[in-house]
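Chain IDs A, B, C, D and E follow the sequence of writing; residue 1 opens each chain.
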């Protein structure tokens, strides 16, 4: 991502505009496909349409968390050598995690709504549901850690370590249906297994995944920019503070002119 | 006296607002505990429904203990407790003020926790009034008791582990009564929930009286 | 002129160690008493005994006429104590802290600004969390918290520590002023000249006893 | 390096022996919790039997969190963390030494807790080896993880509440796996307890590796 | 003679406040440098920057030749730091604490007794938990814990505070001895005469910068 002052001051670039427009168009198409074109399920009926948001959302969340982990790793490797401490990667990690949390939340919400329709309750103490909540909370904790005031590099390293550990939860969520007896659907698309859904549903699902990916990417780019802008603002502030501290008045304590 | 109580409580809540411990850390933590419990109990739905009341109060107890700890941590940050003890504020006001701020924080905690338990454990409220009464009584009892033992643990050393040890046996009756009252309020059992709730009020009242009478003694370290 | 502190053969035990082993000291209103003595002589213990923070095992001890063996909480509201450590609320701003202490002691909220100015804390630092202040700045906040309560008896444990030269002079002025208006000051210190210049009387402790007392008034 | 690790662990354990926190306060506390649970769940015997594994691990988690907190409290008693960070001991030894002393304390806790749970909840052990393996794996994971997050929380402020918030989500998988493994060991379910125990070992190993690699970073406050 | 500390235009930020705003200082082996300046001038921050405890945001900083912007942990094992606060294990005995610090730094267990004797802590107090010691006695334990590590660079923040007159003289002797045998000492202090007598060079800070430097060697 380009980092010169000029373009990081703008929030939109051709790339993000294209991404944004693509996202909108694709989103509309996805709604049409998901709501009208794809057929209702034999067992689930119309409720199955929740699938097209529920499943792609968590995929994108997974993807974001993978991105967070990779960039955290890169940050840890680079932060010693680079002049700016490789903060670029820290920003990517942060914005990807935010997006991941949002989409995990979306999966949770759609899942709960779906559960109300098919299982009759919003919540079941099912392994996948519980592990998903844990995933959600773990990354919320990660974001909280990022908020704590500290030096950016140090905070970045701290967060990076937590990101790497937190990632354990992703495979646990994914395999939870195999490891525990669950109510929740087994993986329908998994490496080395034949997809269990077919036809329009299958294609609609793949298409939704693509759309959500575009939206996710667009969000990540924007979050990245906002974070960068905040940093620039902080740097400007610091410059002012430094020059005012340098010129602190050279008197004793009777000093600061406050003593009567 | 009221002015002093409010002054102290306001100071505590201001620190709390700045450090964001109660809502920023303790509340999510207890929520987490509710989730973890549920899973540790094997997600057995009927079991959870039965246990909802008890688990709720265990979580409040845990969160409340942390909040109590924190309430005295802010008084002993300089390494000792002298300033709190030298405070020109009257002893009764010290006790009530600390209790008030703790009460407000525990209430906030309960406000977060209740909907979570209702939702996650899939239970319905059949008697809102009872639920609220029991919740309030529990909050009073926990806060008053917390301040009573908290001040003692703070004066002694190794407080972070001593406090829960002192607090939990004393609060066990509240925990029990609270669980029963909640079970009635949630329609799990038809027992006399109100008599449990009144027991809680009685316990809270006893602790308040004991606290007012004994706080002066407990404040002294040696 | 009335007697503020009257200790006779006071013995105090902390844990199982006798920190005071028979202190005799009488302090009158308006005095500024310097406690000196080697490390471990019992200065801090004596100050804390005056404040009623440690139990007195033997002898007779009166502060403002209250018997410290019967009710050691009573005189506390007339006393301002500054320990080796500061005991500040780290998350409050300096001004909030001093305001709290002012109101708690029955004073006005407005006293706080005055006191902070008096100790010479730059007003930029008034609305900064205390945890961000330097050691000396914290000490100033602690002193300001005492000032607002206008104690009748000041008990200070190395009050000059961490303060810079100008602030030390300031503090001396503050204490002299307080004494002139009828308050009593007892302070422990290892600063030679500075504290002797301040004090009206020097008491030397050794082994938990008073071994020398220059009522050099 | 081994010498350094032992030196540090011995120092911690000596302080612990003097202050008697682990066995004097935390162990009774967790025992109490086990009892309180039993009450809160209404002494429903079959229910307790089913929940025994889960409750055991919840109690260990709670006690372990307190011990972790205490392990870093002793390093920050002077108000900051500087001396620990300036320590001439190598970073890896710091990590391993702290983990070792915490591990020993958690093991002691488990040794107290296990018979209590067996007795109070009236369950029989069908596979001792699995029980011990899972217990040990859990202790390793808890201690390593505790040190990892403890050092971070200690450097930051408001640590007493931040630490559990960070720790519990990370340890939740261990908790879950531990509960399942215990259930098999106690003959409550026939599931593959050993695969759960191995999951615990894997998690413990991952945390150890991450800890060794990252402790240096985490030690820095700003 | 080699250069121990070499700071050029060092800027350091704590929270969002610039505690150092461009410090230039070079310290040679064997020097005893007194840092002085008003409260909040940045003395503590400079010492902590030398110890690698705060990150350096700008400028170039070297300690024992290590670049503090790349690896600020490397020089730590040559450094002994005494802060405003003591950081002792309160439950250990004085001797146990110093022994631990000695062995941790690669020394002998036996060094501990020697160091405690050197700072003048009465041997009765060696096997008393540190929490029972007086302020000055604790300071002595902290100083003894430094001595046993034979640091090549001593960073001391108001080392004289809480010590009595005799111990202050002792400390000065200890530091002079260390400097004579090739160690470097940088200390911050508000004690006038005492510290000037000790130091071979006085550096004045203001607003996070060096404003005066008397290389009065």
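Everything below uses one rule, namely that contacts are C-beta pairs under 8 Å (C-beta built on N, C-alpha and C of every residue); 3 or more make two chains touch, one makes a residue touch a chain.
Bear in mind the structure is a predicted one, so any value in this text is a computation, not a measurement.
S.K.: Where the centre means the average of the CA atoms, what chain is farthest from chain B?
M.R.: E
S.K.: Counting C-beta pairs in contact, which two chains come out on top?
M.R.: B-D
S.K.: Return the chain whose centre of C-alpha atoms lies at maximal distance from the corresponding centre of chain A.
M.R.: The most remote chain is C.
S.K.: Compute the distance, rounded to whole Å, between the mean C-alpha positions of chain B and chain C.
M.R.: Inter-chain centre distance comes to 37 Å.
S.K.: Per the centroid of Cα atoms for each chain, what is the distance between chain A and chain C, given in Å?
M.R.: Those two chain centres are 56 Å apart.
S.K.: Could you tell me the distance, in whole angstrom, between the mean C-alpha positions of chain B and chain D?
M.R.: From the centre of chain B to the centre of chain D is 25 Å.
S.K.: Please list all residues of chain D that touch 2 or more other chains.
M.R.: 19, 77, 79, 157, 165, 169, 172, 220-222
S.K.: In chain C, which residues are in touch with two or more of the other chains?
M.R.: In chain C, the residues touching two or more other chains are 14, 90, 122, 164-167.
S.K.: Enumerate the residues of chain A that touch no fewer than two other chains.
M.R.: Correct list: 134, 137, 141, 144, 151, 154, 252-253, 255.
S.K.: Under the touch definition given earlier, write down the residues of chain B that touch chain A in their complex.
M.R.: 24, 28, 31-32, 35, 38-39, 42-45, 48, 119-120, 122
S.K.: Which of the residues in chain E end up touching chain C in this complex?
M.R.: Interface residues on the chain E side: 14-15, 17, 37-40, 44, 84, 122, 125, 132-137, 139-140, 157-158, 161-168, 190-192.
S.K.: What part of chain A is in contact with chain D in the complex they form?
M.R.: Going through chain A, the ones touching chain D are 76, 134, 137-138, 141, 144-145, 148, 150-151, 154, 157-158, 160-162, 164-166, 168-169, 172.
S.K.: Quick check on the complex: what are the chain D residues that touch chain E?
M.R.: Residues 4, 7-8, 11, 14-15, 18-19, 74, 77-80, 82-83, 85-89, 91, 216, 220-222 of chain D touch chain E in their complex.
S.K.: Residues of chain E touching chain D in their complex?
M.R.: 14, 48, 51, 53-55, 72-73, 76-77, 79, 81, 83, 85-92, 96, 100, 103-106, 129, 149
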